[in-house]
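Note that the chains are named A, B, C and D in the order they appear, and that numbering of residues resets to 1 at the start of each chain.
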């Protein structure tokens, strides 16, 4: 009995239109272990977890729970069987209290005769909140919590959901650390270690050190399959990395050899830019330069990017573009000044999923496919076709709705939307590779290089430290809304990760 | 008001088998089938309905309603609603009836432009205060009602002088009603406009995902103001048609067209959450509603049963024409 | 008409950055949060202030009683409607539902048209008719997945039709004096319907705060997806909200019938405007998830107070509607002003 | 002013058996229209009309016009329409449609100034109305007398853009001039609506308190609303009420001295339904030639009837009573012509 895995996937396959997210995957989760899951973006980690927690059903293959085959009817059903998940995207409701969120759908004993007993509810929720630490109070309205605290609430919620069943729970954590500060991360680790005593944990992270530090066993995923299994004691980060990306990509991953030196002429200059979440931010990006802005979640770097694009108000300071001062009061102004912006939330802010590829591609600069004021369908077909070919967008046709494209291809279309404009001067990229698979990611990197070579100034908010360091000419770090450091990062002379990290936290 | 949410991924897979049906549905064919079914149903009870006179009369009756519905459709395409356009049509009618005598044909232009300006005002207030359009236009509905009552001095106005300059709208040419031909021309112009100019996509993009539209550099605010302006201008035009048709104007003449116009938009298959639909199918939706308004009388249904049937048919028609592509459109 | 606020997963730091671990300052918290209808109360205070100059009799006990009495019926309507709106839907059918319920009630108490006399059970029957019409709407929204906006335009007509069928030749006149006394009889200076309305509001508030239905209304309005993920039967709750709205409309119709003494097809005329405007002015978002029964109550009282103030101030009948429209727009702007933000999507 | 191209002058009159009778009004949830329908139906029955139809406009002018146009498109010349226009502004279009199709139209109550059957079309056979001025005047006088000729009143108006509402109010004003001891404290519209009238009256009662000695309402339903408010204020019987229309409930209230309800007018609904039909029918079947009828037969007020007070309330007929209607002579109830 001791050796029966708590959960097991056998030959699991799951496809989405255009993507095989899981391809004949067999994994097992053993009792009282912390199982690590690593892999590039889009390797299928989240999909695997979603299958485990009943959110998605397998196309083929089987799911075994405590030795017997199981089909979950949904997340709530999985919860009842002791499986709970913290989602990659947060799923807390802002308009109810923390306690309600923690026990959502699980209020059971706190209802008597159909009536909520708030004190009891709060007490029960507080139990889980105390477990995760962070001095969270059950009665607080969730909307008042900062982002990182919500992540802790998510964990508390998963704990609560996992304990609905009569078995030892299985807790699935999908990148719980990506938005946590150092201290909170430590707390989380101690929770996870403590959880191991009475539960099984699956832990997904992009940070290999973390995985090595906390996990008992690690699966490496690549392109929907399991590329390897190992014990942290036996491997190094480098070994893990090469298992993750595959041998062939190795050096060429960031296309570092394509990096051209930037010109000295400044293209975009920010002078003491101050907004609600950032202060006195000054930076200069030259023609053809890629500058990456690094920082943790609340560092204010996203708002700096949005301010350049006119999406958040600026209190004081200047934005100068090619020597001319601009005051973007809305994205529309910024676009007309020659700025493009790829938002982090692709599905919410980047693409109009209900429209087709062609319409999305020409949405920002319809002038490029028009004759006079009229859209020119022939020219549009031609131009869009060229871009699709150029960026290797995999789409059945130009009229395929964006919704049906894979994430990477959606991202390419969103990028192409800006590239359509030959006058584009500045491109602001907010984690442009988030959610992209390996190939797409490499394509995007190559594209950024090409754009820079064209003289474009690129402000990059990289997803990972490595990406930021590898892709840029210069790395700037931000903390608490201020610039805290600057590193030059030319080809062959990259700054140390630890140095950069030091300025960020 | 309509909330759309992504269906959980599993719920989507079942719908692939019926793809041809779906493609027809997505192309906006459903409202035409509903219209055809209704025409056949009324005709089956009363074959004289198929006579040219009856059908042409139906088109003529549908003209002002169609104008209001088209304007409403533009607003609904952005995911908003205009509850004030029918009230504005009443007000514009009163003003026109007063103005025709002294201004002649110029009054027509003045009224349409004036109405358009009212729409601009609504749009500006809505986008500036960020109060939902439902409430802003509800408030304006009250204002327009009050103003038209004052402007008409609570009396209906018979148009005598200057009636000639609009009377021709309800003449017929080669047996075809000029009024409906004009509506068709306006609709076709709008359709061409929406198709050939970037604005059509921008309007739909705002309805589908306003944030993404804004992040694409679209002046969402300007476009929202523009659709309210267009809706109001069409309301002004509808007022011209009403005065031409009635030869007089009263303070509340067009008020009752509000809900039928909204129903026409939705029966036409435009999603109330925005982004899906358009002008062409609204023409069809307006005919469905116009037919329903008189069809039950033609068939000879007892007056008391008529509202029940009307309500039930509208719900069923919309269930048939609703486009649920974007997941569960509820609320 | 969906004001998508910051989408799930995307968090505006300004909305969340402050007050990580606020020390409990209940007063401030209540004023600054969405849990208390502060802006609507300020609007009410403003009206009172203006009227204390224009016509001080506005604040006389007699007139306040009149405002309370006139608020009673729309307040009951607002309670049910609030839950529909909290879930992100809307119910436009109130007037039709009230018509059907009014005639049902009048025909089932002692009346001059038939010999049926169910006594106070007639009220229950009125509620049941309302609930049934609500069920039609709820089922259509839940099962057919048709937007409630249009479904309830349909059920409005259905309710009117049912009422017309029941009407016959003359309005059924209620002869049961105890039924009428329910509305008129004064206890502690306030007529019965005010007490009934207060009871309904209290019940609604309890429902909102202490039951699954009420709490899940916020969850569904906050994010239907999260609700589905948590295994909440969203469609059933949605349908239940329409049934509740129908039932309260039925009760409101019974109250109005008791007040006027006849079953009347036009019993709800004009109440849709008052109620919806009241709910929104109170601070319940049409997108759902925010607001509550108390908010709606205050909003409805604002609407009634405006109508009352205009009569007292002697505003000409000709411009009353205009003034009311201006007030609705202004009040809604005041209530929602602090939520304004660049690139905020409000439909 | 209505466009010609009229079908007038064609000799083809209809056989009685071919005639379709159509009565159009707001809706049967309203007692007045129930009476109109009863009168029209009684006429149809008495003449074995092939077809009688009631169509409801539900307060929607466009719908009313559409319904009429559709029926005309279908039924042609032998349609007799007795129409209460939803508001006067739809009337020109209705006349035009009838004129073009050669059918026969009689209208009630509302018409825009400057439009009259005698000058428009033979197919618009007649327009009849009930003179609101004497109604308002007589009921107001009864009210003032019951108050002893002095004191203050408030007035509830009907929908403001409605001719009878305005006429009745003019009647009230006329009476006020003759009773200098009576003061009009205020007037508000309650839109013919009972609940609204109750609310407005309640507010007036708190505003003016005991100064209010009487309420005059432009319609009975509003009068009943006022009665409710007066009762709740504990002033039943002390505040006198008078209104217009002859609803059964009001007639009952007038009979009961404790209510303080002093007067109303007899219902004219059944007469308007039956007379309208009989005039249109006479024209359709060729019994009369509209062009040859005198002006007083084309646009006229019904003969004013004595108002109902406590003295005669017990003998007042039911509004839907059709037994006293005279179908022989369509002009039997003609009062003074409308100017």
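FYI, a residue touches a chain if its C-beta (ideal position, glycine included) is under 8 Å from a C-beta of that chain, and two chains touch if they have at least 3 such contacts.
From a predicted model like this one, the values you see are computed outputs, not experimental measurements.
**Q** What's the minimum number of touch steps needed to get from chain A to chain B?
**A** Minimum number of steps from chain A to chain B: 1.
**Q** Between A-C and B-C, which chain pair shares more contacting C-beta pairs?
**A** B-C
**Q** Chain A to chain C: how many Å between their CA centres?
**A** 42
**Q** Find the geometric centre of each of chain B and chain C from their Cα atoms only, then give the gap between the two centres in Å, rounded to an integer.
**A** Centre-to-centre distance between chain B and chain C: 28 Å.
**Q** Please report how many Å separate the Cα centroid of chain A from that of chain D, as a whole number.
**A** The answer is 72 Å.
**Q** Using mean CA coordinates as chain centres, what's the chain C-chain D distance in Å?
**A** 36
**Q** Which residues of chain D are in contact with two or more other chains?
**A** Residue numbers touching two or more other chains: 27-28, 160.
**Q** Quick one: which residues in chain B touch 2 or more of the other chains?
**A** 8, 149, 154, 211, 214, 303-304, 306-307
**Q** Where does chain C touch two or more other chains at once, residue-wise?
**A** Chain C, residues with two or more chain partners: 7, 160, 164, 167, 223, 225, 228-229, 318, 343.
**Q** All pairs of touching chains?
**A** Final set of chain pairs in contact is A-B, A-C, B-C, B-D, C-D.
**Q** Can you tell me which positions in chain A touch chain C when the two form their complex?
**A** That would be residues 55, 74-77, 79, 89-96, 100, 104-105, 107, 111, 114-116, 118, 135, 137, 140-141, 143-147, 149-150, 276-277, 298, 300, 303, 311-313, 330-331, 344-345, 348-349 of chain A.
**Q** For chain B, which residues count as touching chain D in their complex?
**A** Residues in contact with chain D: 46, 48-49, 51, 53-54, 56-58, 60-61, 64-65, 149, 152, 154-158, 160, 163, 167, 242, 245-254, 256-257, 290, 293-294, 297-298, 300, 303-304, 306-307.
**Q** Quick one: in the complex, what on chain C touches chain D?
**A** Of all residues in chain C, those touching chain D are 55, 57, 60, 62-63, 65-66, 69-70, 73, 99, 160, 163-164, 167, 169-171, 173, 184, 191, 256, 259-262, 264-267, 269-270, 307-308, 311-312, 314, 317-318.
**Q** Which residues of chain D touch chain C in the complex?
**A** Spelled out, the residues of chain D in touch with chain C are 27-31, 34, 38, 157, 160, 186-189, 191, 193-196, 198-200, 202-207, 209, 224-225, 228, 231-232, 248-249, 320.
**Q** Give the list of chain A residues in touch with chain B in this complex.
**A** That would be residues 55-57, 74, 309, 311, 330-332, 334-336, 341, 343, 348-355, 359, 362-364, 366, 370, 373-375, 417 of chain A.
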